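The following block contains the structure, expressed as structure tokens.
Chain lettering (A, B and C) follows the sequence in which the chains are written, and residue indices restart at 1 in each chain.
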Amino acid sequence: MAPLPAPSPPRSPAARTDHDYSLARAVGKVLIRRAAQAVSVTFAVTVTCFVIVQHLPGDIAFRIAAGRYGYDKVDASAAAEVRAELNLDTPAWQQLGGWIADALRLDFGASLVTGASVTDELAHHLSATVHLAAVALLLSVTLGTVIGLLAARSRGGVLDRLTDAWVALVRALPPFVLGLVLIIVFSVQLGWVPAAGHGERGNIVLPALTLAVGLSGLFARVTRDTVAQILESEHVHFARTKGLAGHIVLARHVLRNAGVTLVAYIGVQVLILVEGVVVVESLFAWPGLGHALVHAVFWRDIPSMQATVLALALIVVVVSTLVDLAVLALDPRTREMQ
Amino acid sequence: MTIELLDVRVNHQGRALVDVPRLTLEPGQAVTIVGESGSGKSLLAHALMGSLPRSLQVQGDIRFGADRSCLADVGARRKLWGHRLALLPQEPVLALDPTMRIDQQVAEGHPRFLHGRRGRLDALEQASERLAGLGLHNVHNTYPHTLSGGMAQRVAFAAATIGGAQVLITDEPSKGLDPVARDSLARLLSQHVEHGGALLTITHDLDLARALGGELLVMQQANIVEHGPAEQVLTAPAHPWTQRLLAAEPNQWVPSWRGAGASSADATPLIEARGLSKAYGGLPLFSGLDLEITPGERLALTGPSGSGKTTLGGILLKLVHPDAGEVIHHPDLADGRVQKLYQDPTVAFPARTPIRAGLRDVTRRHRVDPERVNMLMDRLRLDPSLLDRRPGEISGGELQRIAIIRAMLLNPRVIFADEPTSRLDLLTQQETMDCLMNQVSEQDAALVLVTHDIGLAAAVTDRNLSLDNADPVSMAPARVD
Amino acid sequence: MSTTPPNVDHTNAESPVTTAHSQPTPLWGTTGQAPRRIPWARLASTGLLTALALFALIGPLIWRQYTSQDLSQFLQPPSLAEPFGHDHLGRSVIARLAHATRLSLGLAIVCVATAATTGVALGLLAAWRRGWVDQMLLGISEIFLALPALLIVLIFAALASGEMWTIYIGIALALWVEYFRVVRARSVSVLTSPAIEAANLLRLGPAHMLRRHLWPELAPVLLTMASLGMATAVLAMSTLSYVGVGLKPPTAELGLLITESLPYYHEAPWMVTAPIVVLLLLLAGLLGLRAQEVRR
């Protein structure tokens, strides 16, 4: 049954040490929760991938051998060799145990397609993806916050309405369609930037822009609504009646409070960002995790798929952890949650 | 410097919400405006401050000593905020920035706070001094959520007055405060007056008005109907409206309901509690408490906020487990014969369901004649069409009366009322308690009333159980005949 | 798949219970019934979706042949009978479009229905039983929170690429967790509220609590989530086939139609434009339907 509204006996004036202690405990809680999440997601993805491998049509040993030596050079003896090497004869549960142990060591075996070590390739893909995602996130947060702030300051005005319309348009625009439009306009028609590829200057412009435009719309709207709400709050009214000028109130009271919501919102954004990365990388042939993942799915290269999915999921976990910690730093109330 | 408001009119869509020919604030004097909700008293204060909502039009003049300006010129008044005009916020807990340390929030109102490092340090030092002067030691480094309501009130006072404003305006500052906290608030405000400040207080709390003294103005429907020294107005009211207001104070009530049923001492208790103990956050609220509630008796649970009144009630109703001890309910109480009224009735009804539908579920479940709802609505002077609205769309007093009706449908033997009128103004409180007590005596039910208002407890109950932190359990008869 | 709502649970907090405490008492005379605004966005979205649904239902009956090839009609421009002409294999574009719309809408409805039923049932179970059931379900949902929807769908696409059921399971599995989290959180706050305490004291049973307390609280959120979830499903399906791991030709699917027609965008722009416009309208309709609710 519901506890009654807690009677609030005057809490002991929190001395500094109390405060630091509760902060440390809150940080510990976040780290434990996120670590548990990382482990369970690794476990779940690994088991799923194992099940998929077990159900792949044809002889898996034959496929692996084909990946190593090419289809024309494979014969039964090569397959048998692979089978013996990878313990493919042992019962399924023993193999699964091996898979999980390998996954925890970040050893995902060899690609079924190229035969190369998946872990080695992963590093390249990871750096390309992080590069793209970081640029896109930075761009969208900057763009979104500035537009949202301006819209919040002129609520109901022309800029506010324009933002609204733009946000609605951007939201209904699937990333791959947006990417196509950008390619056709800026690359094919205007010839300003290359359409696809990696390594040349300007390659990153279109993929990053595609990702950022979609994200910044959502960010602008959340910023606008949050700031508008805070501007109406009691404590901002009180700050004004203290005699503080508008820009001081904005800097001292509005931004920090808005930051709590906005930083937390990056945690939601990162899911959308990772989805966007998969689409946009495939569209622009950007050699990152998303591109590799789609390839792996297409060729049913399960070890590569397992590695890329895990890498993307762990990016989500890491960013969520950072977001949680940032919220703890910004909002003192969250430090004392039971 | 004397401040005068002349010919103040606040209009909304052509309707006058405030119409006051003159209001004078003198240094070293407290001015208090009382009146029921909706009399326009808050709007008058905000008209002076220059913080009225834009949808309202204001006319009239304001005079600071010799300077005369138009009340509608809000920009001019804004320049005075902090150093000439200060506003003590209505809900101090909400008025403090949750993400900023206390000393920063107090210091930023200091005129030198934004003038370099030196000025900032000075301001912070003064803020700490002021907080200490208000009895708040060691809190300057903490955040608002760690403060109790009374502490937040003092922090807000320090923050509002550090700018050195002579005029302090407070709007319902005693909302939700228990008598102890209200008295310390009154002392705080009086300090401002003693230091030569001018104080304008808006309240519906006559006890606060009494404590502040000074000049008292009574407002009714946009007009000031009576004014004079507080003591005189409160003891010998001239205007019928003021008389009615004063008669609504619980100690003036002439009960229309009959006294407690002559409950024989040997009657079997309905609720029997033995050796109850409960602690909250490591602090014991009460321990080894024995209590009996006999048929038809009227018991008050009093004490300051945080003393565990509500928790004790929850334990008696078997909604909360005690840390030690046991509660025995008489078999007669089975099947809903114990009912509860809540401080905020809106949270006691399903939020998105029309009230009628919720009541229909009650009458069906307990096979009550639906006509009884209509009859009771009529008896409690409620318009039947209210039932078609949702809980949030009805005033607090009306909804509390509907909650009384809902409880009465089950013919309860025990009614537990948790601060049922603390959010209502005096007149509404009187009306609501009148309805409740009439029903209680008609049903011959026992009443357990949780309240921090000693006067209300004395007017309604026969026995008072005081839960005071200093003196955990003391049982005393409430009325000394 | 940027249609994930900015955390429906937060943005949609409109219950009077929460607002009553967080807002200062309004100055008297300044509140009152706000003039009821006409929900233009909702009206427009409803109209749009009705039109698309009619197209999806009736279109395939009018233009039945969506796979029959006729190379003599290679990239034939639009005419009265064939408003979008023929594609590079001489197939009727409007017929393929109608079938694709039907497929998208149908699959989206089935996915959302599955995900919502599962999520609501588990959310209510967790909120009602609490304890280890709650902890276990929460733990499982944490796994899904680390996996963006598209990744889940992609994993299932690898199982048997090009088959409808993998996409159905993948999307439903990606969507359920959101319903679970929201329903659980809201139900817990309803079930621990004084209103439920009062209902218990009044001895009103679980039917009353479901009908009067939980359902009115959950229904508007669920509707919002359903319309956003359908948008997610439509988008996921077309994205998968666009990147080449979704449904296989010659199925008529919006993403496939776009991929197939892209090489000819210069010669036959109508052929590319048509599926893109249908996709945009579908998403705009679904997102606009409850835009006000998401906003709040």
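Keep in mind that, in the parts below, contacts are C-beta pairs under 8 Å (C-beta built on N, C-alpha and C of every residue); 3 or more make two chains touch, one makes a residue touch a chain.
Nothing here was measured: the structure is a model prediction, and the numbers come from that model.
Q: By mean C-alpha coordinates, which chain is most distant from subunit A?
A: B
Q: By count of C-beta pairs in contact, what is the leading chain pair?
A: A-C
Q: Centroid of subunit B to centroid of subunit C, CA atoms only: how many Å?
A: It comes to 47 Å between the two C-alpha centres.
Q: Based only on mean CA positions, could you tell me how far subunit A sits from subunit C in angstrom?
A: 21
Q: Quick check: what residues of subunit C touch more than one other chain, meaning two or more?
A: If we look for residues of subunit C contacting two or more partner chains, we find 24, 193-194, 197.
Q: Tell me, which residues of subunit A touch at least two other chains?
A: 1-3, 234
Q: Identify all positions of subunit B at which a residue touches two or more other chains, and write them in rising order.
A: In subunit B, residues 91, 94, 319 touch at least two other chains, as defined above.
Q: Looking at the complex, which residues from subunit C come into contact with subunit B?
A: Within the complex, subunit C contacts subunit B at residues 15-17, 20, 22, 24-25, 27-30, 193-195, 197-199, 201-205, 208, 212-213, 216-217.
Q: Residue numbers of subunit A touching subunit B in their complex, please.
A: Counting only subunit A, the residues touching subunit B are 1-11, 13-16, 19, 233-235, 237-244, 248, 252-253, 256-257, 260, 330-333, 336.
Q: Per the contact definition, I'd like the list of subunit B residues that touch subunit C in the complex.
A: 12, 15, 17, 37-38, 40, 42-43, 46, 52-53, 55-56, 90-91, 94, 172, 317, 319, 335-336, 338-340, 342, 344, 346-353, 357-358, 361-362, 365-366, 390-392, 406, 410
Q: Subunit A touches which residues of subunit C in the complex?
A: Touch list, subunit C to subunit A: 1-4, 6-7, 11, 24, 139, 142-143, 145-151, 154-155, 157-159, 161, 191-194, 196-197, 200, 235, 238-239, 242-245, 255, 258, 262, 265, 276, 279-280, 283-284, 287-288, 291, 295.
Q: Please give the residue numbers of subunit A that touch subunit C in the complex, ascending.
A: 1-3, 33, 36-38, 40-41, 44-45, 48-49, 52, 55, 168, 171-177, 180, 184, 214-215, 218, 221-222, 225, 234, 265, 268, 271-272, 274-276, 278-279, 282-283, 293-294, 296-298, 300, 302, 305, 309, 312-314, 316-317, 320
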